[in-house]
Each structure stands twice: as C-alpha cells, then as structure tokens.
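What follows is a set of structures to go through.
Two complexes are shown next, each including chain A; its partner changes from chain B in the first to chain C in the second.
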Partner chain A sequence: MITALAIVRTPNLFVAVMLSGVFSLLLAANFFILDSPDVALTEAAVGAGISTVLFLGALSLTAEHERAGSANRFAALTVVTATSLVVIYATLDKPPMGDPNAPVHQHVAPWYLKNTPELIDVPNIVTAVLASFRGYDTLGEVFVVFTAGIGVLFLLGANPGKPAQPSRTPALDSTKGLRHYLIPRVVGRLLVPFIVLFGLYVQFHGDYGPGGGFQAGAIIAAGIILFALIEGEDQALRVLPQRALMGLMVSGALLYGSVGVAGILLGGNFLDYSVLGSNPVAGQHIGILLIEIGVGLTVTGVLLSVFFAFAIRGKS
Partner chain B sequence: MDTLIDIASWLLLSFGGVFVFIGGIGALRMPDLYTRMHAASLTDTMGTVLIIAGVMLQAGASLASIKLAAILIFLLFTSPTSTNALASAALLSGLRPGEALPWRKESET
Partner chain C sequence: MELLGLYHYWVFAVLLMIGFYAVMAKLNLIKKLIGLSMFQAAVFLLYITMSKVDGGTAPIIQNGAENQLFSNPLPQVLILTAIVVGISTTALGLGIVVRIKEEYGSIEEHEILEVDRQ
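The block that comes next holds the complex of A and B.
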C-alpha cells in the first residue's frame, strides 16, 4: 500500500514506473504466500517484467514529468472515497480467507478436485480449470489480449511493410559506446537462449506445475526484448519481422478458435475437447496442449508487437 | 545432524538478511548514484548467495535444491551485469561521479 501511495504521489513518471514494477513484485510475493503460484508467476512475469519495459518505452516517447492536474479534484476525490467505502463495507460480509465453510469451498472446489482426475487427468488443477472447464473464458482472455495488441498497433500506426528506422541506440554504433556496453552484450547474448528455453519449459510444463501459456508468452517475449535491447531493434526485426509478429498474434487466437470449431466438426460442442482424441481423457490432453500453445503464441506476439511499435517510433 | 543443518541455515539466512538490510541503508544514505549502486549491488549479491544457500540447506538433497542452484547461477550472472549496465548508462548520459543526483539538486536549490 505504501508503494501504491508513492506511485500516486510522485510527479516524476520515471519513478512511478519503477515503483509500479516494485508493486507488481510485492503483489506476486503476496500471491505466492496465499498459495497461488500460477497467478504469482503470471503477475511477476507480466507486471514486474514486461509492463515495466513497455511503460519505459512509452515514457521515451512522452515527457518525464506529469503535467499539472486539471481543476475540480475535490469532486473526484469524494466519488472515489464514497465508492471505496461502499466496496470495503461489502467486503466485510465476505467469509474469512481460507475458511473451509465458505460456499466456494463447499460446492465448487470439491467438484473440481474430485472430477479433474477422472475427466481430465492432469496434475495441475488450475490449468485444468483454466483450459478445459472454463475454456470459454480463456478464449475471451486470449481475444482480449489480441484486441489490445490490435488497438496499440492501430494507435501507433505500425506498418508491416515499411523498412525499420535506423537503429535507436547510437551508443552501440560509436566505438566509445561499444566499449561500455560490452559486458551486458556478452551476458545478454549468453542468457537469451536460456530464457527462451525456460519459456518453452514453462509453456509445456503447465499441466504439471505452475505455468501455462500466459506466463510462457511473457517469458519468451522478455527474452526477445532483451535481445532487441542489446543488439538494436533493427537486428531484432531482421530475426522476427513485423509480419511474423502479426502472424504469431493471429495464429494463436486462430488456433484457439479452430480447436473449438474442431470440437463441433467432430461431433461435440464448441470447445469440447473430449471428441478430439481416441478416448475423452486423451482428447482433453490434446485440447489443453493446443489451446495453451495458442495462448502462448498470442501473448508473445502481442507483447513483442507492442514493444516494437513503441521502439520503432524512435526519438522525434 | 538435523539441528546442525537447522542452525547452519538459520545463520546463513540471518546473515543474508543483514547484508540486504545493510545494502538498503547504504542505498539510502550514500550521497551519489555510483556509491549507492556499489552499496546496493555488492550487498545484494552476497545476500542472495547466503539466503539461497540457507534455503538449499533446508530443502536437502532434492530437485528443489538443483532448481535453487540454477536460480543462484542465473542471479550471479544477471545482477552484476545489470549494475554494470546501469553504471554505464549513467556515465554515458553524463552523470559524473561525485556529482549530486538531478532531483536532489532540484530539491536543494
């Protein structure tokens, strides 16, 4: 909470971005203490990692200090205070955290715990719920991420056909700069393949431990962003051109939707995985694997597209 | 033997915490960016090694220990590198050692 207050109060946006990274990390630790490692991993990867980089990219295009606020803050303050008091009053009725007599622990959770081994048979129940039982919601999440990516690309006008601007890191080109940047370049080049490998591990290990598509997409995007930061954006764009990134974005969402439609074509409902394999459990495994790949592709594509859209703009 | 391991990991964890705490105080009290980074990064790395060693002793010889060792190696690679990158960036952006930080200058004048 101290971090949140500090973020609101500081006029220097750079400080606010750093503090929001700290806030995300603290929140991730909090989630982990509350026994939810999947959420903690996602929060740490996306909030403390990628978001900070994207905010810094956006800051490089705008000013560093917040402009003076508009008038009439008192009305806004009263509205916010009233709403938050109402919300806090509503939470007073909530059962205490972890109470075994809470309704969610009486009906919903035992049903999932009992039926996952026989219907889906993956050890990580969070992935089973996310990918199969509530697969429709996850479809919505993927399309939200996809829409956000499209929105940013519309706003920033990234044109896949235009050749990339000259490198924005002039220090890397001059001989004096290269000498200073040698150590991060060497270590970064050493680390990027391991980061991408770890991202792939997290992607496919989501069935057995914390992991899955969202975290893996964020980690792989972080590895490629590291490569882009070290080698310059034009080099990174030669490896992964804008068209390939858009292809990643689209193919992830398309894969997810196709799995759903394949369920219909093979005789079941939309997003019914049981008909995809020889027996229902094998079908569930195939379905979860495919949609997690779809999620990972879309998240990677969107995060990288947004990063390159900011980075390509360059300093005016 | 178990008590010995417990005492050893207790010592390692508390020393690691003390180092990180010292680093925090140094990061606040030092006058200049470079001295602050020196304080924070050296103590952080030492604290990380001690804390992970302490936790590894608690985990025993299991898969978790190997994962912790991998995390330690990763942190030993990246933490000094990021400090170096930060110091290079500060130097290249024109901040000379011994000069006060920009916003400190603003608040003092």
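The block that comes next holds the complex of A and C.
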C-alpha cells in the first residue's frame, strides 16, 4: 500500500514504473500466502516482469517526467473519499476472511472440488476448472488476448513482410543492447535457457502442480525478452522473426478452437474432450494438454509481438 | 473482533481508491494507466482473499492425503486469466499512448486538449 502511494506521488515516471514492479511482486507474494500458487506465478511473471518491461518500452517512446499539476485534485479527492466510504460501508456485511461458510464457497466450487478427481483426474483443480469445466471462458479470454495483440500491432505497425534490419551482417557491433556490459551479459545468457526451460516445465506440469499455459507463456516471453535486452532486438528478431511470432499467436488460438471442433466431429459437444481419448478421462487429459499448449502459444506470441512492436518503434 | 476480520476488504478499498485517484487526478496518460492497473490489482486481491478458506491449502490434490480442505479454485481461475487479459489491454493502452505522443507531441491531457482546440 505504501508502494502504491509512492507510485502515485512520484513525478518521475521511471521511478513509478519500477515501483509498480515492486508492487506486483509483493502482490504475488500475498497471493501465494493466500493459497493461490497459480495466481501468484502469473502475477510474478506478468505483473513484475512483462508489464514493467512494456511500460519501460512505452516510456522510452514518450517522456520520462510528468509535468507538474493535476487540475481537479480536490474534486478527485472528494469523489475518491465518497466512493471509498461507500465501499467500506458495503464491506460491513461481508463474511470475514477465511470463513468456510461464506457464500462464495457454497455455489459451484464444492462441486468442482468433489468431482474433479473422478471426471478429469487431474491433481491441480485450478487447471481442471480453467481448461475443462470452464473451457468456454478460457477460449474467450485467449481471443481477447489475441485481439489485444492484433490491436497493438495495428497501432504501432508490425511490418512482418520486411526484415527488421536490412543488413545481413551478424550483430557484432557492441553498442546493441547490453552487450558491452560484461556482467549482465554473462549472467543473462546463463539465465535465459533456464527461464525458458522452467517455462516449458510450468507448461507441461500444469496438470499436476501450479502452472499452465498462461503462466508458461508469460515466463517464456520474459525469458526471450531478457535475451532481446541483452543481445539487442535485432539479434532476437533474427532468431524469432515477427512473422513467426504472428504464426505463434494465430496457431495457438486456432489449436484451441480446433480442439473444440474436433470434439464436435467426434460426436461430442464443442470443447467436450471426453470423446478425444479411448475413455472420457484420457480424453480429458489429451484435451487439457492440447488447449494449454494453445493458450501458451498465443500468450507467448502476443506478449513478444507487443514487446518487439515497442522496441522497433523506438529505433525508427 | 468482528470488525478486525474485515480488514482485508479495507486494504482492497484503499488500494482501489489509490488507483482510482491516479486515474482521475493525474494528467499524465502513463500515470493514468499505472493507476488503472493498480485498480485491477486491487480487484484481483479482493477475489483471491475471497477464495481463502481458514486452514485450507492450495487446491492441488495429493495422493494419500485424506480430507484435505482446499481453498476455492474458482476465483483463482478467474483471476489467473484476468491477469493475462489485463496485461494485454494495458499493452493496447500503451500502444495508444505512444501513438498519441507521436501525433500530439505530448502525453499530458491538458496539452493534448489545447492542441485540439487550435
């Protein structure tokens, strides 16, 4: 909370962005304490890692300092105070924290907890609910992410047709990225493969432990962004051209959709995985694995495309 | 004691309002976006605190453990996806801010309005 106040107060936007990274990390720790390792993993990878990088990318394209003055400060304070009083008044008849009899815990959640073992047989109930019981929602969310990615590419211009750098010489000039700083470069290079490997572990272990497509996509994207920061964007784009990233985005969303259609073709409902395998539970396993891969591909593709869109914009 | 059990809602409310204040009172567009994502984070916090059950554990079934009490998986699923959707929309907002900077040469709201009036 103190961090949050400091973020709003500081006029230096760079400091504000860094503090919001700290804020996200603290929030992630908080989520973990509240028994949500899946959410904590996502928040740490997305909030503390990727959103900080994206804000910094935007800052490098705009101004670092905020001009003084906020015109209607008193009006805003009045509205805020009034609203917070209303919100706090509304909390007075809420159940206390951790109350097992709270209304939230009475609706469909007990059904999920009880039936996951026999219907889906995946230890991580969060994954089961995400990918199977509420597969429609997740499909929709993947498409929202996908649309946002397309939107950024439209706004900032992607130019997938042309290679980012016409010169074919390997990027040996030492001014790109952080190449001329020895320690970040060595440590970063050591870390990148492990981050990507961890991302893959999170992707495929999502059925059993905390993890899944969303987290894995964010972690892999963070690893590749680290690589891009160390070696310069050109080098990273040579390894992973934008066309390939767009391919990732599209194929992830398509994979998810086609798993749903495959369910129909095999005689079930849309996104009904039970018909995919020899028995319903095996089918569920295959379905969850496939759509998690789809989610992971789309998230990685979108986050990286957005990052490169900002990075390339800064160059030209 | 009754009231102390509700303190997490007030943390949520204060965070929410800090974000809200940033959105309304700050003229800098990036500051507004940071405020907006803080507002989001407050909502995430609310959902996750709701999913907590006293004495519960993370909703991952372990072999051999009987009668475990799990936290509610549903809010966690919702927030998990909401975080990723949130970053995508923030990225979209940042993209718009960058375009505004290029067109108007400023990311301060009043300066943009002035350019528009001319």
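The criterion applied here is as follows: the second predicted complex is superposed on the first by the 278 of 316 C-alpha atoms of A that agree within 3 Å, B and C clash if a C-alpha of one lies under 4 Å from a C-alpha of the other, contacts with A are read in each partner's own complex, and residues count from 1 in each chain.
Keep in mind that, in the parts below, a residue touches a chain if its C-beta (ideal position, glycine included) is under 8 Å from a C-beta of that chain, and two chains touch if they have at least 3 such contacts.
Note that the coordinates shown come from a computational prediction; the quantities given were computed from them, not determined experimentally.
Novice: One more residue to check, A:Tyr112. First (chain B), second (chain C), both or neither?
Specialist: second
Novice: Which partner, chain B or chain C, is in contact with more residues of chain A?
Specialist: After superposing on chain A, more of chain A is contacted by C.
Novice: If you stack the two complexes on chain A, which partner ends up touching A:Val187: first (chain B), second (chain C), both, or neither?
Specialist: The answer is first: A:Val187 touches chain B but not chain C.
Novice: Does the superposition put A:Gln203 against chain B (first), chain C (second), both, or neither?
Specialist: neither
Novice: On the A-aligned overlay, A:Glu141 touches which partner chain: chain B = first, chain C = second, or both, or neither?
Specialist: The answer is second: A:Glu141 touches chain C but not chain B.
Novice: Tell me the contact category for A:Gln242 with respect to chain B and chain C: first, second, both or neither.
Specialist: neither
Novice: Could you say whether A:Gly47 touches chain B, chain C, both of them, or neither, answering first, second, both or neither?
Specialist: Only chain C is touched by A:Gly47; chain B is not.
Novice: Where does A:Asn124 make contact in the superposed view: on chain B (first), on chain C (second), on both, or on neither?
Specialist: A:Asn124: touches chain C, not chain B.
Novice: Contact residues on chain C for chain A in the complex?
Specialist: Of all residues in chain C, those touching chain A are 2, 5-11, 13-22, 24-28, 30-31, 33-35, 37-38, 41, 44-45, 48-62, 69-77, 79-81, 83-92, 94-99, 101, 106-108, 110-111.
Novice: Provide the residue numbers of chain A that touch chain C in the complex, in ascending order.
Specialist: 1, 4-5, 7-8, 13, 16-17, 20, 23-24, 27, 30-31, 34-39, 42-43, 46-47, 50-51, 54-55, 57-59, 61-63, 66-67, 69-73, 75-77, 79-81, 83-84, 87-88, 91-92, 94, 96-100, 102, 104-105, 107-109, 112-113, 116-117, 123-126, 128-130, 134, 137-138, 141, 144-145, 148-149, 151-152, 155-156, 208-210, 212, 214-215, 217-218, 299, 302-303, 306, 309-310, 313
Novice: Can you tell me which positions in chain B touch chain A when the two form their complex?
Specialist: For this pair, the touching residues of chain B are 74, 77-78, 81-82, 84-85, 88, 91-92, 103.
Novice: Using the touch rule from the top, collect the residues of chain A that touch chain B in their complex.
Specialist: The contact residues of chain A facing chain B are 12, 171, 177, 180-181, 183-184, 187-188, 190-191, 194.
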